[in-house]
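Two complexes follow with subunit A in common, the first pairing it with subunit B and the second with subunit C.
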Partner chain A sequence: MEWLHSRLVRPFRPLIRERHTLPGILSWIGLGTLIAFILVGIFGPVLVSIDQTKALAYPILLPPSLQHVMGTDGIGRDVFARVIWGTRTSLMIMAIGALLALVVGFPIGLLSGFVGGKVDRVLVLVMDSVYAFPGLLLAALIAAVIGKGIFNIGIAITVIYIPLYFRVTRNQTLSTREELYVEAGRALGARSWTIMLSYIAYNVVIVIPVIFSLSAADTILTAAGLSYLGLGLEIDIPGDWGRDLSDAQRFLGSGIWWTSLFPGLMIILLTVGLSFLGEGLNDIINPLLKKERA
Partner chain B sequence: MPKSGSLAAYALTRLFLSLPMLLILLTIVFAVLRVIPGDPIAALFAGRAPPDVVAQTRHQLGLDLPYWQQYIFYLGQIFTGNFGTSIGENYHGKSVLAIILDKLPATVELAIGAMIVASIIGIAAGVVSGTNRDKPSDVALRLYGTIIFVIPVFWLGQILQLIFAVDLGWFPAQLRFSGLPFPNQVTGLYTVDSLLQGRLDMFLVALQHLVLPSLTLGLVLSGFFTKTVRANLLRTVNADYVEAARARGIPEGRIISRYAFKNALIPVVTVLGLQFAILFAGAVLTERTFSWDGMGMLLLKSIDSADYPMIQGVIVVYALIIVGLSVIIDVINGLIDPRVRY
Partner chain C sequence: MSAPVVAVQGEPANELLRLDNLKVHFPVKLPFIQRLLQREEAVVHAVDGVSFGIRAGEILGLVGESGCGKSTVGRSCVRLIKPTSGRIFFAGQNITKLGGENLRALRRRIQIIFQDPHASLTPAMTIGRGIGHPLWIHRSAFGPQKSGSEAFGQWVRQRVLNTMREVGLTPEEQLYDKFPGDLSGGQKQRAVIARALILEPNLLVVDEGVSMLDMSIRAKVLELMLDLKRRHGLTYLFITHDLATAKFICDRIAIMYMGRIVEIGPAREIYADPKHPYTKALLQVIPIPDPDKRKEKVLPRGEVPDAVHPPAGCRFHPRCPAVLATCGWEGRDFVDFLDEHLSDPKRAGDDESIVGPIEGWHADGLVASLEAKPMSVEKAVERVETILAEAPVAMTQAIESVSAQKRTVMVRFHPPNQLRQTQVQDRLVECLLYQ
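Right after this comes the complex of A and B.
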């Protein structure tokens, strides 16, 4: 518990201290947005009946009104209900993708940075190659091969973000490895594993909130993109922003704007929030890391 | 890398060094399409074909051979430029490579259009932002750079369609060409082909169709340009040689345009190389939004029709393009940046 507290709570202390600076303000706006979306994702589906997200629940293509604040879509679903249920779907994919990328990318990055040498060079080359390839295409390929579904899309997306987690973890490990206290631990006779896991990993974990929020916005976009391309989720998922935008496409020519506008705005609100959080945290935590080292 | 030598030698070295990256990408594509648990052919057909058809297709494609044999065959195919024949309903029996080369120009035209839009908007915004540090215009443009970058490109395309195609009727919302006979195929870029043919009317039609997709993709990419140009300009406006120019009494506008700007652009070319991944991913989505008949649409149709050789071919061509572009960018960098020694 003490470990968790010091690693996961301590990074937020500078967030409180820096709350009046621009990075601080951005971070707080971002964090607030993320929390708001999480609350919508948890409680929204409890408050909004799933029946409204089903085909033929209402007359088709009703413009926004008091009964349907965001209108109804081309097959009679309430756009507002779809948007609310879609929040849960997006957050689930984001969580699965980020968690898997962390579970794979973090240890490999740690090992690569710690061991160094040939192993490190090969791993960096592999990860850089994956990173250079269009992520959406790779995810689309994987999604096409392993099939639709929230978990499968999470896996497909993970592949894109493993290189990111790998690279940041590795670079952080490389610089932490040279610290005096690591040297001291070695002099005291600590084994390599002990040094890697309890001396270095301990200090590398601090960058995870930054990588998470920087990659999370992209995760949302990629997941929505896959759904938009028809490679994402099964048709019976009650909310799927990407698919809703794909469905909206047919009616654009008749000037039906509400089926496109609202799901898109939800994506943007969430991604902008996440990138504010990511860039803010990056500005706050990175100088801090430099200061600690100096 | 040799310390000195001709640019050609540098380019060759760079090409050679890119081979491992190409091999890694090709291996990953191979692995995804074959080694992933489960049966890719069955997954692609998704229950639309009886088991004996699935088994027959697998045998026909040699997917029941040991992996090492498949891998050698696969690399052999790519390096001899023979990508096999299509098994999908759209192009059954046709050469995969011929179909891909037929669709490639559309994607290239879209990519060039988007890059032009992104450079113009991104560089202009970056310069305004960088020369007005922390003033309201800078803060606004920095926000623009952050927000535009995380807007879903397909949604932006839909909104631009609603405004400029449906509402105002200025530009067509779909396809690459309409209303006139198609230009004679030379490069496959309709804007270029129509000019080669000397038909201004065709050129305008092609350009009109190109505007909205390029604007959509270009706007999203411009965010990154804005940030990079701004950051580099901030670094160069305070550099010693710029300070020296200032001390000599050269007007600030001239300092920015002649001294700071030029050197601020060099790193932009470097990061341009990183943008191609985002550009091609965005192009797939944009092609779908505007029914733009390029490689992305081809990939989606191939996935739909379980056209395994075509899917593999398209992804491999994307990998070749990405690696090729990264080499070209490095060589250009060597040309314009005197610090790169070759």
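Right after this comes the complex of A and C.
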């Protein structure tokens, strides 16, 4: 019971307490957006038939109407169905990319910050050189090597974000390591392993939601960018915002706006929502960190 | 006031902890270029030769101004800091170089309580879990309870609740699942005490353990510590800067100044009749709650000197009101004196043009020297002698010669007398007045 409480309820306490402040409102808007997208990603494809996302399902370039709320595109696909199915694709890439980066970056950062010394210096050097690469370029390179597909794109994106998680975790570990309760733990006779897991990791984890939201927002953009460049997903994926945007641009000149507006809007909404959540959490959690130190 | 010199020897059998000439030096972190230029390595002499023993069942107070090294002594006793040299004995066993599992076993018997109860508790652990965690850490030491994680958890919980009740952290069932942030300062310190106590240690090092609590709570926590001592036969090393607290709780006290113990003995006697000039000065700053009884204060002059280059001889001599000629005067004391003299224009007159500027003076051990202008070396020597007439008598007496060598003015001091700990009545004092 206590275990569940401390992990599920407690993290939301500051979020509930700060709900009337600007960061609190931002976070709740962001969280709401994310939940809405997740619901669409899960239930949308159940309600909207996959047949509507295939080429030549309808006449081409129909403007938005009651039958096709977002119109149809240049090869006769329903834009609304594409957008719904694209939500699932994007969320999957986001989950794979951001989660994998977290699973790899967090432990390495923790270890590097805790152990210090030469291990730390080598790891920082490696991570910094990856970080110095322009993200999209690196992802494009990896995608070109390992090929297309949701999972491969997820991995390509993971590599960009591992250094981010690494840096943040390591820095937080370095400062937590100097806390008095860590010294107290050593005085109690705890082994290094116990100190790292029971005394340090707990207090480093709190920064994770912030970078998770921010890097997830970035992930969406990068994935869309890769697809836009034609490096992303297979052609038969039932929904791919970046690629749909890329296909739509040649019609823009002839006043056909609906094929590009809706996929673009989805990218912006999800990205902005995640950014709201990340920035809001950052503002809420950081002052708390400061207060707890004081 | 001369007492027979008694060498400090012998380790009574019932001593629980003994420090033998403990030294802890911390390297000073310098920028790379400076490190290349500096010949010797700069170290802070945090603890510089401390020896004392604590008998089982006694409360020894370690008292001194902040920065005197008392906390470093405390942390060395629990082996959180590695001593530079010297030895630490616990129950007859040399623990100076203990490591690994032996050190872990030792930590069940020596526990430390820090000044800041809030920072000592992990914010992510509930009070109950935090207090019980030492039992999980030392799980293998609690033999019979080892069987079955579930049973052990139940046993830990019961012990935590008992300990919480014992330290007055009640209602214990409700506080068990609270987080440190939900508790008051006094409650947090009780939780820290409970966590230290749950391993049933023999020695408790209390490092400013009540300094952050306000007065009403402080008294209660001190009462609790005395109470626990009676019930568990605990021994305390009680580190504090607060003489009033030390007077209340300690059987014996040791007064520390710049990494050395200057006086150690029974608390009551030291408070009634301090011997070392530093102890006297320190005791005078305790406020007396009676306006008529206010005495004149002889506060030590000046700042605590730099611990990277501690003064020669007795470290207290530059500030000491009872200083002798043999206490350790050296070149830089003269430079400091001259600096003070020159910065008062009324007294200095045209001295600056003859014996200045102050930046031209170099102090090297017992000698202070100045490269003077070729024509005025003799004049400078004369003027230094005139100025010295108004210097403290002890310093003037300590000067061996003021001379001119070619173009250099030299002020040379006599070497100081060797300082020893001396038995005075029932205590040890490190001061030439008693040697």
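Please note the rule applied: the second predicted complex is superposed on the first by the 286 of 294 C-alpha atoms of A that agree within 3 Å, B and C clash if a C-alpha of one lies under 4 Å from a C-alpha of the other, contacts with A are read in each partner's own complex, and residues count from 1 in each chain.
Quick note on the criterion: a residue touches a chain if its C-beta (ideal position, glycine included) is under 8 Å from a C-beta of that chain, and two chains touch if they have at least 3 such contacts.
Given the structure is predicted, the values throughout are model-derived calculations rather than measurements.
A.B. asks: Sticking to the clash and touch definitions up top, decide whether subunit B and subunit C on subunit A clash or fit.
C.D. replies: On the superposed model, which is not a single observed complex, subunit B and subunit C fit side by side.
A.B. asks: Between subunit B (first) and subunit C (second), which, if any, makes contact with A:Thr72: first, second, both or neither?
C.D. replies: In the superposition, A:Thr72 touches no partner, neither subunit B nor subunit C.
A.B. asks: Looking at A:Arg186 after the superposition, I want to know if it touches subunit B, subunit C, both of them or none. Which is it: first, second, both, neither?
C.D. replies: second
A.B. asks: Tell me which touches more residues of subunit A here: subunit C or subunit B.
C.D. replies: Counting residues of subunit A touched by each partner, the higher count goes to B.
A.B. asks: Which of the two partners, first being subunit B and second being subunit C, lies in contact with A:Thr194: first, second, both, or neither?
C.D. replies: Second partner only, subunit C.
A.B. asks: Contact-wise, after the overlay, does A:Ile267 reach subunit B, subunit C, both or neither (first, second, both, neither)?
C.D. replies: It touches subunit B, and subunit C stays clear.
A.B. asks: From the overlay on chain A, compute the angle at subunit A's CA centre subtended by subunit B and subunit C, rounding to the nearest 10 degrees.
C.D. replies: 90
A.B. asks: Applying the document's definition of touch, where does A:Ser275 land relative to subunit B and subunit C: first, second, both, or neither?
C.D. replies: Only subunit B; A:Ser275 stays clear of subunit C.
A.B. asks: Contacts for A:Asn203 in the overlay, against subunit B (first) and subunit C (second): which applies, first, second, both or neither?
C.D. replies: The answer is second: A:Asn203 touches subunit C but not subunit B.
A.B. asks: Can you work out, in whole Å, how close the C-alpha atoms of subunit B and subunit C get once everything is superposed?
C.D. replies: When the complexes share the chain A frame, the smallest subunit B-subunit C C-alpha distance is 8 Å.
A.B. asks: Name, in rising order, each residue of subunit B that touches subunit A in their complex.
C.D. replies: 20-21, 24-25, 28-29, 32-33, 36, 38, 40, 43-44, 46, 146-147, 149-152, 154-155, 158-159, 161-162, 166-167, 173, 274, 276-278, 280-281, 284-285, 288-289, 299-300, 303-304, 311, 315, 318-319, 322-323, 326
A.B. asks: Taking the complex as given, what residues does subunit C use to touch subunit A?
C.D. replies: The contact residues of subunit C facing subunit A are 78, 80, 103-105, 107-108, 111-112, 114, 116, 119-126, 129, 133-134, 137-138, 177, 179, 181, 192, 195, 199.
A.B. asks: Quick one: in the complex, what on subunit A touches subunit B?
C.D. replies: Touch list, subunit A to subunit B: 125-126, 128-138, 140-142, 144-147, 217-218, 221, 224-225, 228-231, 245, 248-249, 252-255, 257, 260-261, 263-264, 267-268, 271-272, 274-276, 279.
A.B. asks: Which stretch or stretches of subunit A touch subunit C in the complex?
C.D. replies: Touch residues, subunit A against subunit C: 2, 5-6, 10, 179-181, 183-191, 194, 198-199, 202-203, 292.
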